[in-house]
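Below are two complexes that have chain A in common, paired first with chain B and then with chain C.
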Partner chain A sequence: MAIYLIVALDVLNGISSLFLLCLGLAIIFGMMKIINLAHGEFIMLGAYATVISANAGVNIWIAMLVVAPLFVGLVGLVIERCLIRFLYGRLVDSMLATWGLSLLIIGIVTTIYGNTQQGVPTPLGGFSIGSYQSSYYTLFLAGMAVVMMAVVYSVMSYTRFGLIARATMQNPAMAATLGVNPARVYMSTFAVGAAITGLAGGLLAPVSGITPGMGGAYVAKAFMTVVGGGAAILSGTMSAASLFGAVNQVGAFFTTPVYGEVLVFTAAIVLIRLLPRGISGRFFKGNL
Partner chain B sequence: MTIRFRLVAQAAAVLIAIVAIVLIPSVIELFAMMQLTLFAAMAVLALSLAFIWGFGGILSFGQTAFFGLGGYAYAISAINFQDSTPSILLAIIVPALFAAILGYFIFFGRISDVYLGVITLTVTLILFNCVNSTSGDEYRIGKALLGGFNGIPAVPTFNVPFHPDQVLSPEQSWWVTGGALLGIFLLLRLLLSLPAGRVIVAVRENEVRASLLGYDPRKVKLLTFILSGAIAGFAGALYVNWGAFVGPTIFSLSLSAEIIIWITVGGLGTLLGPIIGCVLIEYIVAYIGSQQALNSNLVLGAVLVVFVLLLPKGLVPTARDLLMRLVPASKPKAQHADDHAPPPVAASRMAGAE
Partner chain C sequence: MTFSRRRFLQRSAIASTTLIAAPAIFRSGAFGAENPIVIGSLHDQSGPIAASGTPMVYALQLAVDEINAGGGLLGRPLKVIHYDTQSNIQMYSQFAQQLAVKDKVDVVHGGITSASREAVRPTFDRFKVLYFYNVLYEGGVCDRNTFCTGTTPAQTVEKLVPSAMKKAGKKAYIIAADYNYGQITAKWMTKYVKDNGGEVLSTDFFPLDVTNFGTTISKIQAAKPDLILSALVGGNHTAFYRQWTSAGMKGKIPIASTTFGLVNEPTTLDAAESDSILGAYGYFEELTTPASKSFVEKIKKAHPDSPYVSELAACTYEGVMLWAAGVKKAASIDRMKVIAALEDGIAFDGPSGKVTLDKPTHHTTRNAFLAEVKDRKWSVLESYSDVKPADTASVCDLVKNPNDTKQYIINL
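Coming up: the complex of A and B.
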């Protein structure tokens, strides 16, 4: 019995961390059709911001929940102004430039902090189910995923900014005619997406090994999820994250983590083959 | 600039390239020649992506998947057969089959460009992870131990076909590698000038129009993808022959990125540009590796960003445009989107072949 509970917790953990990792990317891709291949490096920057400020004596919660998103959001803002804004509508070029950017960020971080692994201790401690151990942090991550989902949903649905953002997403020319400046909407959307990604990096910092190259492990997974999810930011990302997170954890439980990832990938290819427009393109049309 | 003049110029360029390949071992030192052999093997890889990306319009972020599969297929069968002849064939067939399966899913699923990039990228990562986790005695294929992260050392290098005891010397290896580069360059050039090549470019330009004219874009793209996978696999065999070693880093993302950088720097939509870009960037990377101040990721990333923003066409097309402007055109000539080399390009091709 206890073993099933533990597997269920693992699955919950897989789903919630995948959702957190993908949310920022889904916002940037869904709203602006920019493929940000530096997504993994934004995660890495969030993790580094957390570790470095925590090791400098900042409270770990503040480091994770405030410093990481603020820092990465600012970085995102600068990158949007200096690079991304020249590339709207040039999809392939934006992929190339952000890939170059990701190499550049890895290079810079390696030069400053060296190619060594950093880390912070996991807060909150653990509990045991039967003879198995688990940590409260897993539950906290799941809670954060729910909170982020609620925040994004309510901002998008009930605020003026959300309304303008959705309008610009649907039809930039029409929004511009009505007095909205699409460039500014894109700028803030990119910064918000970057900040959410930084938050994800911060939240995952205590449970992952932090190296300059860590982003590579996330970027492919995040893309599979966003692409598999389709155009709807929340329902698409959530459904794809649930599917892939569950497949990954269950596969890893029965075989090894490596084959868990292979399974996810196979599932993703089959999914894209069957539903070329993603899960939300088929089942949640028009939803957020 | 009649057609005959262009033919003569191209034939002369090919001749000079052949002479250069033959003479190089007697002109330069062994170390420089080994480095050139590596560059030539990499340039074959560059050609494979230049072909599908520049002419087929398919941006594969995971060209190293085929490169690595070719390398591993060569290494494993060379160790088992102790003869490079069937191994080179396998290094071409295995990646081509893999490309066929993967391409079927991608193109017959009508997956758009972006998703294609994502899928190829992920395949590469998965292969890297899989091969990386094969350390231990239980992972062996025939006599070949896969070796996980440590890779497969002491792979037999090329021998004279069907004579396993006559191993090629470094000079002969260079002739094979340089000759293969020239051969594949000419093969692709020939293909692109045939009707089949026109169809490939037509599909890149406008899929709907091509299919209205009776071609099946899915099939055309799949065949292009398979051919490119086969070339990349062959490049993998050449690469393993150079180093007598293959490891999982052959699948690494940074190498995938490097191929794309070669083409962006050299010029998309040409066959010569990627070769030049490859040699140039590989030379820079080798130079960075020999000193400590700069990190190669940093330089490569900066180069890619700068080229995408400021020189999106790449070196060769930009140089060609400049030359065309300097040389007053006697006749208004139609600028082809694909690379039908006017003489200036033919002249600089020799530099690429060297």
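Coming up: the complex of A and C.
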């Protein structure tokens, strides 16, 4: 019995970390159609911001929940002003530019902090279910995923900023005629997307190996999930993250971690073949 | 000044004659006694493997500086031509060609991963350039042109597994990286567990980009092993030790690893995450012999920010010194003469102790050490002297088959 609970927790853990990793990307890609190949490096920057400020004496929770998103949000803002704003509507160019950007960020971080591991210990402890052990941090990540979902949902549905952002994404020209400045909306949306990605990096910092190249491990899965999810930022990303996270964890549990990975990619291929517009292109049309 | 055609032709003729003759003039030693013996170096100083490669370059440079300070070899100074291979196999192939064809080096030290070694070894065989590979690896390379000075599983895993089993118990769970090193090392672990009367409950492999070890930790708990044997590799896999600790498993099941702490894991992980992990290598920075202390001191003095000085650095230093001893003995830098001299029982007392080249395998008989992480440092528990490369010896005999050039997969 206990083992099923533990597996359920693993699945929950897989889903919530995948969702957190993808949410920022979904906002940037889903709303502005910018393929941000530097997404992994935003995660890495969030993790570094957490580790470095925590090791400098900042409380670990503040480092994760405040420093990481603020820092990466600012970086995102600068990048949007200097690079991305010239690339709206140029999908292929945005890929090339952000790929170059990712190499640049890796290079800068390597130059400053070297190529070696960094880390902070995991806060919270473990608990046991029957004879099995799991960590409170898993539950905390799941909680954060729910909180982020709620925050993004309410901002998008109930605030003026959310309304303007959605309007701008649907039809920038019309929004502009109504007195909205699309450039400013894009800028803030990009910064918010970057900040959420930084938060994900900060949250994962205590349970990952942190090196300048760590982003590479996340970027492919993040894109797969966002594309698999389709146009709806929240419902799409959540459903795709649930699908892929569950397939990966259950697959890894019952077979081996190698097949766990293989199964996820197979699931993604099948999904895109059956639902070319992603899950939300079929099931949650018009939802957020 | 007018620039006539005649003058142009005259000048060009003079210039080109000088250029063409230049190598002859320089080579003949007319301009001083420079005519260095050239050592090629292929090490990663950037990219994911840089933390391993950087101290190796320091160690190589230290050895060369010491030889030069002692008057060089055969009355000639040593010169290093170093290329940063950027953790990229393509760079290895390219720079190996360059070292052999353009720089015409007398020996090459380098290669870190097994993949990089197999990318350059055929090149050096073809162009007849002597090659030293100074890294611990899975064993089995059998090539008269190549010397492997690092440890192989029979020297380290063979010590690690029984001591870990003695401490923990008979049932082991193996977790390893999913490429040739991890696959082959897992086989060795299985063999030694069985040889010592134990049982392997399960062997799990992980692609290098796996970052979430939650299910693995659950599976391990379900299998209830006495001991975990890890050959996980790289930054992403370090997450395992973090997640293991955060699940509260630390201290419940002991871990022994063939890869942990080869770079700088003990100093970057929290003490709670790394304490009491067992490891076995051919060298630890913490060894207290005078030779080891002075070696570490010299490297740290020249490079205060050097990453952990591991077996990789020590073997590189010893590799260069062994080669130098061979050149001295041969009194020549002719490749075949040097190989013959190196096969003639060359030994060197290095930071890890006495290292002897083994003629039939071109590997080394060297000391091995067992250590445990304590408060973010290795604490050496036991040392084993003069351990032979028995694994490679079981498949490779260069005395009988001097023309062999392949890497044997050792059947277990």
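Keep in mind that, in the parts below, the second predicted complex is superposed on the first by the 288 of 288 C-alpha atoms of A that agree within 3 Å, B and C clash if a C-alpha of one lies under 4 Å from a C-alpha of the other, contacts with A are read in each partner's own complex, and residues count from 1 in each chain.
Simple rule for what comes next: a contact is a pair of C-beta atoms (placed from the backbone, for glycine too) under 8 Å apart; a residue touches a chain by one contact, two chains touch by 3 or more.
Computed from a predicted model, the values in this text were never measured in an experiment.
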Side-by-side fit of chain B and chain C on chain A, or clash: clash
Partner chain(s) touched by A:Gly198 [first = chain B, second = chain C, both, neither]: neither
Which superposed partner A:Thr211 touches (first chain B, second chain C, both, neither): second
Touched partner set for A:Thr110, first chain B, second chain C, both or neither: both
Chain B versus chain C as contact partner of A:Ala97, first or second or both or neither: first
Greater chain A contact set [chain C / chain B]: C
First, second, both or neither for A:Glu261, with chain B first and chain C second: both
First (chain B), second (chain C), both or neither touched by A:Leu83: first
When the two complexes are fitted on chain A, the stretch of chain B hitting chain C, from 1-9, 55-63 or 127-135: 127-135
Footprint overlap on chain A, where chain B in one structure and chain C in the other make contact: 110, 216, 256, 258, 261
Chain C contact footprint on chain A (complex, rising order): 3, 6-7, 9-10, 13-14, 17, 110, 114-122, 124-128, 131-135, 137-138, 204, 206-211, 213-214, 216-218, 248-249, 252-253, 256-258, 260-261
List of chain B residues in touch with chain A within their complex: 59, 105, 108-115, 117-119, 121-123, 125-126, 129-130, 132-133, 253-254, 257, 260-261, 264, 295-305, 308-309, 312
Sites on chain C touched by chain A in the complex: 46-48, 50-51, 54, 178, 204-207, 209-212, 214-219, 221-222, 234-239, 242-243, 245-249, 252, 263-265, 268-270, 272-273, 305, 307
Residues of chain A touching chain B in the complex: 35, 83, 86-87, 91-93, 95-97, 99-108, 110-111, 216, 219-220, 223-224, 227, 256, 258, 261-262, 265, 268-269, 272-273, 276
